[in-house]
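Should a chain be cited, it is by its letter among A, B, C, D and E, assigned in written order, with residues numbered from 1 in that chain.
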Amino acid sequence: MRTLLTTTGKVDDTDDAAISRCFTSAHTDGFWLDIEQPDADDFKLLEASFKFHPLTIEDIQHQNQRPKIDEYPDYNFAVIFQADWVQDEPVFREHHLFVGPTYLVSVHSDPAPALAVLKERIAKSPDLTKGQPSFLTYLVVDAIVDATFPVLERVDDTVDQLEDDIIDKAAPGALDRIYHLKHSVIDLRRSLGAQRDVFQKLVTHGIHLQQQDMTLYYRDVYDHIVRQYETVDSLRDLLTSAMDVYLSTVSNRLNQTTKALTVIASLFLPLSFLTGFYGMNFAYLTTVLEPPYIAFAIGVGTMLIAIGIQLYLFRRRGWI
Amino acid sequence: MRTLLTTTGKVDDTDDAAISRCFTSAHTDGFWLDIEQPDADDFKLLEASFKFHPLTIEDIQHQNQRPKIDEYPDYNFAVIFQADWVQDEPVFREHHLFVGPTYLVSVHSDPAPALAVLKERIAKSPDLTKGQPSFLTYLVVDAIVDATFPVLERVDDTVDQLEDDIIDKAAPGALDRIYHLKHSVIDLRRSLGAQRDVFQKLVTHGIHLQQQDMTLYYRDVYDHIVRQYETVDSLRDLLTSAMDVYLSTVSNRLNQTTKALTVIASLFLPLSFLTGFYGMNFAYLTTVLEPPYIAFAIGVGTMLIAIGIQLYLFRRRGWI
Amino acid sequence: MRTLLTTTGKVDDTDDAAISRCFTSAHTDGFWLDIEQPDADDFKLLEASFKFHPLTIEDIQHQNQRPKIDEYPDYNFAVIFQADWVQDEPVFREHHLFVGPTYLVSVHSDPAPALAVLKERIAKSPDLTKGQPSFLTYLVVDAIVDATFPVLERVDDTVDQLEDDIIDKAAPGALDRIYHLKHSVIDLRRSLGAQRDVFQKLVTHGIHLQQQDMTLYYRDVYDHIVRQYETVDSLRDLLTSAMDVYLSTVSNRLNQTTKALTVIASLFLPLSFLTGFYGMNFAYLTTVLEPPYIAFAIGVGTMLIAIGIQLYLFRRRGWI
Amino acid sequence: MRTLLTTTGKVDDTDDAAISRCFTSAHTDGFWLDIEQPDADDFKLLEASFKFHPLTIEDIQHQNQRPKIDEYPDYNFAVIFQADWVQDEPVFREHHLFVGPTYLVSVHSDPAPALAVLKERIAKSPDLTKGQPSFLTYLVVDAIVDATFPVLERVDDTVDQLEDDIIDKAAPGALDRIYHLKHSVIDLRRSLGAQRDVFQKLVTHGIHLQQQDMTLYYRDVYDHIVRQYETVDSLRDLLTSAMDVYLSTVSNRLNQTTKALTVIASLFLPLSFLTGFYGMNFAYLTTVLEPPYIAFAIGVGTMLIAIGIQLYLFRRRGWI
Amino acid sequence: MRTLLTTTGKVDDTDDAAISRCFTSAHTDGFWLDIEQPDADDFKLLEASFKFHPLTIEDIQHQNQRPKIDEYPDYNFAVIFQADWVQDEPVFREHHLFVGPTYLVSVHSDPAPALAVLKERIAKSPDLTKGQPSFLTYLVVDAIVDATFPVLERVDDTVDQLEDDIIDKAAPGALDRIYHLKHSVIDLRRSLGAQRDVFQKLVTHGIHLQQQDMTLYYRDVYDHIVRQYETVDSLRDLLTSAMDVYLSTVSNRLNQTTKALTVIASLFLPLSFLTGFYGMNFAYLTTVLEPPYIAFAIGVGTMLIAIGIQLYLFRRRGWI
């Protein structure tokens, strides 16, 4: 599905002929061609009209690239990642960008709400692009990068919620969730790390995506990515700690359980011994136990004393 | 809320007209404009009179920036962090500084006691600024950076106190507090790391914030930040160790509890067996037990021997 | 076992004379000589006809090299690693490449299915090589590097499967398997790290393997290796976490076992005490217990009350 | 307390006038002024006679600096750390050095035995200084740096001793000591790391402390500091492992305790059941048990068999 | 003990006069002087005839140097480490090399079998040295470096063997051995890391030990050291994992022990209760139990049912 937007905010036709016309001298505006779920026709168009290198055409047919910027004589090819939140875990969306002197071609397999919003904004207020393709490119890149922030916030919230679950309850389910979240965070970190390296090269080595120097603006984008990377790095650190906390909490509860067992056993084992003692078949014992009231009182008395001693010891140890 | 201070220590008017006057040739002093909780008027002033770039105006309207220095043709824009201690945990305050050839504009959302103290000091002894805007800027930056030290000392104290709690008591609450403190320290480390990178660039790449070379002085500020970063890095290391210590302590106490249980069970299970033994309904046993005194003495004797053996074994194992 | 393929896709003789002929001016095609399980004759050929340095001849006679590229005046010598999956664990295959101006010599001890497939592809469509030795070299290197991907996917699958085993069952066998897999992953990481360094040098320092500049293509290969390295690095991280999860799960199950023990002991120890109590030989007790029905009802009643209290306490603690 | 030593090994007066005389042309020797526990007079002397920068004067009035070398037009200012061993833990001593063209001023708050020894050695054999201020400076720096070695050896010994304590006994006190030692080692590592960076700059960037090139000698000092740093780094690694060993040892002992409990319970619970069984009030049982000798023999026999089975099972499990 | 070998493989006299003769113009061969356990005479020779710098003479009198190469005007001084295996643990041997334009002097305190073997090989086939001192030096360095490989293999074997011990048995002795092995591996890593840095400088910064460029050959040595370092680094990683595995295994066995205890207690506590129940002195109970056969059958029946329920529950939990 193609959409075409000029730097003057005009939505244009997207058939092959119309796009070819954009290259003619009559057409002075820069333009942005956005292709969602590209098919064979689209690949042919990119190869025939735009004359893109076969390696880059091959790249956009595969997902699971790494973020990168490859410089070609007539254009630059960039792969940029954007995190999305699907079914309680973060996933990645890839954006493939061809940045030519007067145009931008963006290709993505999944719907991109962030770009849809941007298109509407430009259509409403064409001034946003300042009429320059380089500024249009910046707006697109900025929209893709910033779409990752809400995802990181959701991960952050999930971690916060897990923390409360662990320290209070140490449920086995929490362990499972920490582990899967850590899996996701490790993936996020890997991709954002690669993305950070790409933009650092862009900012410090002075690669100009288009003729105009936009370093000032990409420095801002780079700052955002570094913040994203550092956030993810901290989250990974926190999840590792959370696992340690989980283990400590489980050990703590085991201690509680064992304490309960010890209290019960310590209370009743001596009592059972006493009842056993007074239950022995010794003739002597039976004789001694004769005076009924007092003997019984002695028996119960020793038991109460035993209980008393135990309770005193437990309290001194702080167990009850 | 605006306050304006010249390099000669004079407190001046802060309405728009007065500030515009500062730029005229008649006004030869440098000045420092401090804006607390900036509102729309302030943003307009910065954009109209100072002609700051829209990107920087946008930056100061948002919190959660990273520490940075961006160079612009007519001025430098810096974001500097300062730690504060609120409700038993460290938080961050952002300071946004515009450093122009003859002026400094500082913007912050929260009250900044460190800057208030500095203003008083300069008002009292104007010599502090040496009459130069670059020295005034250094004083402000130094005041912001040094305000983090007392916070780190409080974190350090809290860690020391937690250590004692863990090794002595291993209370579950301690785990919770270690974890939250580690969370804070991870955040502190992230921000101070970014701040350190910024000042390193300032010192080694020879970025001059204003005309005069103040590298000598900023090297000192840089040293302070590195010390802060290394302190936080060590604290993080210590908190990780503290978590390990907690786990070991809990395991240790579990061992104590289990030992107590084992002692009790080992003492009374054999005794219960003996009382049970003498309580069996065997006719033979009843006959044998006949001579009352001696039989009873044998019964009690075996029990005492059992207790003796147990106590001897426990002592040899070092359990009692 | 030798096979020889020219850049025009022709399969040629591989006796010493035929190979010598390839160097004559009459022979204008580049060629690829592939040697599997090299023997003494092959080493002699490489030393005599190709005039390779004794150090490199010595290198290819030993396995367990590190990935590397050594530059020699007349050729470059490369050692490239490829992961393979043998008997449920990853192993390494070494490929030794001699890259001369017009030829490529590849030497490997084990059969290389990836190269066999490539030979067939080139034989079928000779255009693949573009008639250039440098492109042929790229195809071989690319085939070797990409053969590692399916292995990493199998490792990834094994880790995923282990994760499920751990969190559900915590079987001791799982620990053994995690440990051995981590052993393998540490080895993989070491070799891929060295391989990554080699290709980085190739791409950034502009080492040309042959006259033509193929940086554009090797950048692609480098990207693949970096992705492989990052995957392995993440796997290592995950396996460390998996070990922590295993420990937590075991602790958790220990807690469950101890809980079961505590419940049983807490239920029956008080009951045993009560039966012991009513079994004592006190004359008073025997008298009191006289009215048969009611006495028995009281005895059973106290036991039921004891059970009730225990069940209530267990439920409140969430144990049953 | 001031002491003054010339490069010819002469001990000189230290009043202000005498020091001023050292700067006159008549005085051709270099000199070393050592100030212990500097007071206000000393600071005034350094500012007035030596014309040191206010920033450095301020620095030497505070402890807790970082190791550093600051270059000033007329002199270099260095902060060097030396470890000392006080009350069973390592502490830091700071040395502040001013290195001018013909002189060295060293300032320290605590007594410095290493420097005292050096002074004696120079007084005895003045040749040591080779009559050059730069060599004198090297001797002082070398003495300060090498004074850290014996401290590291004591830390090493303490770690070795702790290791034995842990693996044999796992006493809770050991955990406490490991933790505190790790605390100290983390501090040592931080300071030695900073010191290493300072000397690396000195050796590789060719900073000359005085006119003469002493790189050859400072390379030696740098090697010593790197060795100190690597030693501390290894110690930190070992202490982390020691903590893991402690946890494992505690778990191991818990296992032993639980095993003892299991053995006792497994032996006596079945026996208690048997005595209870033969103690039941069933009329049938009482009848069957009638033939006294044989019945009793059967009863005791079943108990012996139960004990035998238990002992066999325990031995097979390796518990006794 | 001195031995002297010329580049033509001739073994020469080693008295001071003979060595002096080697420097005369008449003597055109390069030579290698090997000094084992140097004494005062040797130090005097090195200082007088070779004119080595006092700092290097001092260096070779001390062990515990770091690997390094120091450049001096007339020669280079190198400290190279070689691992050896003594009493079941790796130790270090230091080799001190003086590399002059036409000679090599090697000094070592311990016997060096690797050098003895090399001497024999050169004596047998003098071609090995190619008649050049630089090649002779390479052979010596190569022999020293490669002597570390068999030691690493023994460490590797020991780790493999420990792994099996841990996962199967978790004996406390294993923990002790892991810890000591880790101690050794940390030391190995530290020294090999320093050695790697030295050879990297040699290879990349183009330090020529002697006039001829031997970079091609030292690149090979460097590759070997990097492989050694990476091996040790992996071993350290594995030993850390082994410690975690040990802890998990101990926890697992604790779980087994506790399970056994729970099974025993769960089986016999209810049975004891039942025997106690039927042993109570209630008149009613004694009456009800009157019909002897049936009453006894009921009693035994309830016990069998109790056993049956327990066994069913244990099996469902997978405990038996």
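Convention: a contact is a pair of C-beta atoms (placed from the backbone, for glycine too) under 8 Å apart; a residue touches a chain by one contact, two chains touch by 3 or more.
All values derive from a computational prediction rather than experimental measurement.
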| item | value |
| --- | --- |
| Reaching subunit D from subunit A through chains that touch each other, fewest steps | 2 |
| Chain copies touching (subunit A, subunit B) - same or different residues, decided at half shared | different |
| Cα superposition of subunit C on its sequence copy subunit E - rotation in ° rounded to nearest 5 | 70 |
| Length of the line joining the C-alpha centres of subunit B and subunit D, rounded to whole Å | 25 |
| Distance between chain centroids, defined by C-alpha means - subunit C, subunit D (Å) | 40 |
| Where subunit A touches two or more other chains at once, by residue number | 244, 247, 251, 254, 258, 261, 265, 269, 272, 276, 279-281, 285 |
| Chain order around the ring, beginning at subunit A and proceeding next to subunit C | A, C, E, D, B |
| Residue ranges of subunit E touching subunit D (in the complex, touch as defined) | 53, 55, 64-66, 68, 70, 72, 172, 175-176, 179, 182-183, 186-187, 190, 194, 240, 243-244, 246-247, 250-251, 253-254, 257-258, 260-261, 264-265, 267-269, 271-272, 275-276, 278-281, 285-286, 289-290, 292-293, 295-296, 299 |
| Sites on subunit C touched by subunit A in the complex | 163, 167, 216-217, 219-220, 223, 226-227, 230, 233-234, 237-238, 241-242, 244-245, 247-249, 251-252, 254-255, 258-259, 261-262, 265-266, 269-270, 272-273, 276-277, 279-285, 287, 317 |
